[in-house]
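In what follows, subunit A forms one complex with subunit B and a second complex with subunit C.
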Partner chain A sequence: MPKRVLLGLLLACGLTASALAQEPKTGGVINAVIQPEPPGLMLAMVQNGPTQMVSGNIFEGLLRYSPKLEPQPELAESWSVSEDARTYTFKLRKGVTWHDGKPFTAADVLFSVEMLKQTHARARNNLAQVDKVEAPDDHTVVFTLKQPFGPFLGIFEVGSMPMVPKHLYEGTDWKTNPYNNAPVGTGPFMFKEWQKGAFIRLVKNPNYYEKGKPYIDEIYWQIIPDAAARSVAYETGKVDVLPGGSVENFDVPRLSKLKDTCVTGAGWEFFSPLAWLWLNNRQGPLADKRVRQAIMYAIDRDFAKDVIWNGLGKVATGPSASTIKYYTDNVPKYPYDPAKAKALLKEAGYKGEKIRLLPLAYGETWQRWGEAVKQNLQDVGISIETIATDVAGGNQKIGDWDYDIAFTYLYQYGDPALGVGRNYVSSAIAKGQIFNNVEGYSNPEIDKLFADGAVATPDSKRKEIYEKAQKILVEDVPVAWMLELQFPTITRCKVKNLITTGIGVNDGFKDAWLDK
Partner chain B sequence: MLSFVAQRVLKGVIVLLAIVVLNFFLIRLAPGDPAVVMAGEAGASDQIFVKQLREKFGLDKPLPEQLFIYVKGVVTLDLGFSFRQQAPVAKLIGERLPATLLLTLTAFAISLMLGILFGTFAARFAGTFLDTAITIFALIFYAMPIFWVALMGILLFSVTTDWLPSFGYETVGANLTGLGHVVDVVKHLIMPAMTLGLFFMATYTRMTRASMLEVKRLDFVKTARAKGLSDAVIQRRHVLRNALLPVVTLAGVHSGTLIGGAVITETVFAWPGIGRLMYDALLQRDYNLLLGVFVICSAMVLIFNLITDLVYRLVDPRIEFAS
Partner chain C sequence: MKQFWKSMLKSPSGVIGLIILLLAISVAVFGPMLFPNSPWRMVQRPFLPPFTLSAVPLGTDALGRDVFAGMIFGARVSLLVGLVSTLVALLVGVPIGAMAGYFGGKVDDALMRFTEFFQTIPSFALAIVLVAILQPSIYSIVASIAVVSWPPVARLVRGEVLSLRTREYVQAAVVTGQSNTWIILREILPNALSPVIVLASLMVATAILLESSLSFLGLGDPNLISWGYMVGAGRTVIRQAWWITVFPGVAILISVLGLNLIGEGLNDALNPRLSREGR
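For the complex of A and B:
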């Protein structure tokens, strides 16, 4: 046999072998960490992070989103938008059943919309532009909007709008419905067991509509409250998946170097967590824009990224994370420049008034960050008093506007109309609540830009509006933007295809398989 | 004795009700309420959401009315509903209580047995190398914080040697039954129970040693010796038995502290007990659940103290029950 033919055959065999190696294998169990323990698994009733992470396997939304945030089919197999951008028609997948065998139909979508408007604060806001929802047949749902709403196709992922089984919830007291503790969805995994304080067990849905999926037989979500103990659980092989944020950041480099360990920062594109310092614009020195700008110059954000976050993440340039729509970096820049900070403070007439700093009680990394920022601010002559509190106490203080500077990080949900505007428009100033415009910034021009941006068409018009808004905000510094956070997901390398969408681990393990 | 127990139980119920009322107000002094926490966790907050939650939790009612509703519930053995966990408080506590009892009682037994044993040896060989070694050993575990001992234990016995599991109550997914399950639970129990037990062991060691040395000097010991009793009999029957009274008192007092220690131990070892339930409920301002755990813990302390009083009588028949 000529050498060239032999080589060709070998290459072909090799290619086939490698192709086979990438063919998903079925079976196996994934042990993953969940923390803290979710208060419940009924996504329509509880929307905290751990609930979304576990229940993203049980429930589904009409759509999911690629890492570039393009809509992809989930329970809706196709969709169309009318020319006036006010009517959205979704064609639902046929042959989908709930875990109890009942068919999933358009009536479930209509019921879910009504229920979520009452139980899901974010869904209620997202659906505010909806005039009516109709179901012309069992597999078609039509949303008619009051006016065009640019981000409308971005509100249908499982955490934002989970589908609820009408036949189990209609006419019941939703709060005490027994299915809250044994949820029934359409997702790739079914709820099996929850030993409180120990683990949550999900098993494969054998009737899942995507034939062959899911590949995994079972998922055990292990509840381990201590961050160091979670690291050890991974190190000793007791768990295979550490979702982002499971371990303290200073443990990430060490765990990443372990044998057969893969690390990815993917899967956060939809949420795009952005960290910033709330600056109380209402009172004291921080009411002066120059003092707020001085704070931006005084803080060494590269140090925070490189040392406190171990090089993970990206220094933020403004109110939008670089992963969401209409982001621009064509905005005023605030490099680390203590001299400029001092000059601005002097110009503003700052006389050493005490400023209270509220760190975030989310663990060691945040504590350290609080200390670093305090030091940076003291270095330029700002007098800082750190206020220690737990999360509940901190939220109360922020909601009551009883702070000067406070750490936070919030999700942006892919579009400025969904996750950015709420922090800067004056209509979102409401005492007693958190995550809105708690800094008290008020600028009619910004109000108008965000109001116009949400309903403008075409897309190029929205881009223009939001780029302008970003420039104005960065000049005004209503809050001090810090970092685009990155929470790496750490897994054994045998766990394949765990993260395939921009929603990451919260989107369920339906594509994941084990290369045993 | 029966009237003594009845009187103590009656007093216990009154104390318990006083604790409920006091705790009801105390936990509401902490800033933040469940509605704020849940709104925070949901990543969204609007007026309707927070108002809905407050109504759901009954937080919109005046404080005295909230107290009346709660106390009325407790009297009828209804500990209320945890809206955060969407389940009755009694059910949530019932699920976790066996694990805590297993952990605390094992730790208690370990601490008492080792403490009295080491204390006896230290007293018997007072001033020798063995006494010094036991004292240093005891002081080390007394001086080190529980969470530190726990982490070092995990490092040594789980990470380095892989002898013992680092977290949990049983091997998840192993579905063991019978003896296999018992062995599995015991393997998981060793580290948390030792961590918690060794801390208290230190105090019992020191207390037993001091108390025995004191009793040893008393006249009746000299009499026993003069009667020609062997050293072992004197130590066991006369010295140790008399020296145990302060140790029993201390053990009764420790019942409450033990539950406090269980919070840390359960957190580090992911032990699914009420200590952790209490910790989570506190952070989340889950008032009903937190109050429920307080009620149960207080009841446990009162029961432990009653048992302590009864044990007194066994240890020292001279003590009579005052009714």
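For the complex of A and C:
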């Protein structure tokens, strides 16, 4: 028995020793894939997935989030909440400078809040409960809310609320500001160059406030438009990091088996991407709830998961992904049931009107998915015409409401008040945007539930409200929920510590290092 | 006419080409009757290799769709696009060439500069741009292929007309006071037709290739299956499933080859300078 204890002790020592051997090493260049090429890098203005992934390493927010979505210090080193849950005080880190050397102060925070309210639809939504923001001194910011807002500490992540340099943006036309093309942030990496169609190069910020970090010298975000070429680029060693979603799903198992390759599904907790079909509720057959329900019954979502996504992910039950707070699966269910779909269509009096389907131009997987859904819908007698377009063209059509059915996937940001309500409340209907209530669903009851849910206390009350909202939505089918997506990140095992937060690669290079 | 068929059937390449073309056309016309199911239907498990199940002889693609059905339906689209776009190109190119050659002078200059304008742009690049602007559909594809393929027709017809214009029988027609349209349509064009026919057969082949290339790049009509689409969609999985790309690729190869052989046969049969006895 004592022997065993000794053995255990030895083993424990061995483990600590090997852990110590994992002391981060400095230096090295990392090549990562970015897919598709981002439309821009100014995070305050553009929030596409690839923009967040690159620019999350240039800009910073006040807070970071652990994989369990607990807030952690970033530009704010500490924070406190008043008794009545209406005043949030943030102490900013001292000695932080922008990449151009100017100091970062509370004035920048105030400016960023004002700018984001105009340029960042989601930030505007998140900040709706904020009554005023004040800076009693250079390193303190106080947010005062109109009423308590449960998810407030969840809105400070870099993609949701990036800090913008006031001295470069104040008084300029934001849209044409030259720094949009060469963004200046406070983050661990500085923008160096962008060769369109080839790569985006970031270099280490030598004056970063966390001493010793970042460990990596340079990041090349390689732009490789062809999916097969991206897999090959990894196999031949041209790139070391394949962020989630950058290779086709059918390549994932093959690449995972390669030597020195590490795969993880972590790093998406904050986003919990959920894929669905926008159904244009405004016009034509889709204005009828029964037709929308028929679509849910007609689509074989298990097939999509098993075949198109290679078994990754989970069939969605409703507007919330199962990782989001207050999720419930106690809602009406829509199993694959073509007969039921046909009956509902008949009942709704659908007469074969042509319905346009807009797939997502994000690569092969999405194209195939579009074809499969089209086939499913045609099988129950819905007449579908696929519209071919690129990402920009698709965004434009969706923004103009010029579609009948359109593929999308959106992030949910941990709390229904942040990432779910925006897709269903009528106040979020606005032409020209592709993220919020694009389907044109309008239901006063839902509006009220989401309005109440955001500010209700305590938690049990919020839970009750959101569960009710989920039930109503699933019954109404404003959009057709497809899958909770899973995007595995594939890296060479020598890339260490890349994914440490709930947003993974998006702010991961701060901690990453290369084991040479 | 009899003479023509005789010499056509004498040329081995012409015969082989004709057989291939007839085969392809009958597949395109009758195939879909034998396969009532849509080629988009997911019928079996994905990535089923060929020659394992008799129901799907050429295997299935990434979604479990029947590759054989896709090839048969694809034949229809590929051939249709090839034929229709060539026809449209002829309808544009022949009148322009004929007018340029017949009227000469400023009309000729104007029409030929216009033609050259199209000839200076690389044709495939122009086709891509046109399809991208017009949104991919069978109509925009046919239109863009026609737009890039008519200039050679115009040049060829112009050359023929220029030489025929000075023949005595044409001048005789002018002297007897027949209208220009009549002379062009009845006297000149019929005699200028043989090289155009040869060119047209090659244009069909080029058009099929163009359509395949466009579909390969994802600019095909998303509602219609074509060989080019199949190759393009299967390309990314070629290491797991070669058959998805290889079979439609072979289909493209064979039909283009067939059309080229026909062109060669036609050339032999229609060229009066190649003495029929001598060959």
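Keep this in mind: the second predicted complex is superposed on the first by the 439 of 516 C-alpha atoms of A that agree within 3 Å, B and C clash if a C-alpha of one lies under 4 Å from a C-alpha of the other, contacts with A are read in each partner's own complex, and residues count from 1 in each chain.
Everything below uses one rule, namely that contacts are C-beta pairs under 8 Å (C-beta built on N, C-alpha and C of every residue); 3 or more make two chains touch, one makes a residue touch a chain.
Since the structure is predicted, the reported quantities are computational estimates derived from the model, not experimental observations.
Judged by the touch definition given at the top, the superposed model places A:435 against subunit B, while subunit C stays out of reach. In the superposed model, A:228 makes contact with both subunit B and subunit C. In the superposed pair of complexes, A:49 makes contact with subunit B only, with no contact to subunit C.
Taking subunit A as the reference chain, the count of touched residues is higher for B when subunit B and subunit C are set side by side. When the shared chain is aligned, subunit B comes close enough to touch A:195, but subunit C does not. In the superposed pair of complexes, A:309 makes contact with neither subunit B nor subunit C.
By the touch criterion stated above, A:297 is placed in contact with neither subunit B nor subunit C. In the superposed model, A:124 lies in contact with subunit B only, and not with subunit C. Look at A:59: by the touch rule set out above, it reaches neither subunit B nor subunit C. Touch criterion not met for A:88: it reaches neither subunit B nor subunit C. Residue overlap on subunit A between the subunit B contacts of one complex and the subunit C contacts of the other covers 226, 228, 389-390. Interface of subunit C with subunit A (complex): residues 38, 40-42, 46, 62-64, 132, 135-137, 218-223, 233, 235-240. Note for the complex: subunit B touches subunit A at residues 30-33, 36-50, 52, 56, 83-87, 92, 95-96, 99, 151, 154-155, 158-159, 162, 165-170, 172-173, 267-273, 276-277, 279-280, 283-285. Partner subunit B is touched in their complex by these residues of subunit A: 29, 31, 36-37, 39-40, 42, 45-49, 118, 120-122, 124-125, 175-176, 180-181, 195-199, 201, 218, 220, 222-226, 228-229, 232-233, 235-236, 238, 389-397, 399, 410-411, 430, 432-436. Residue ranges on subunit A touching subunit C, taken from their complex, read 226-228, 248, 250, 254, 303, 307-308, 359, 364, 367-368, 370-372, 374-375, 378-379, 385-390.
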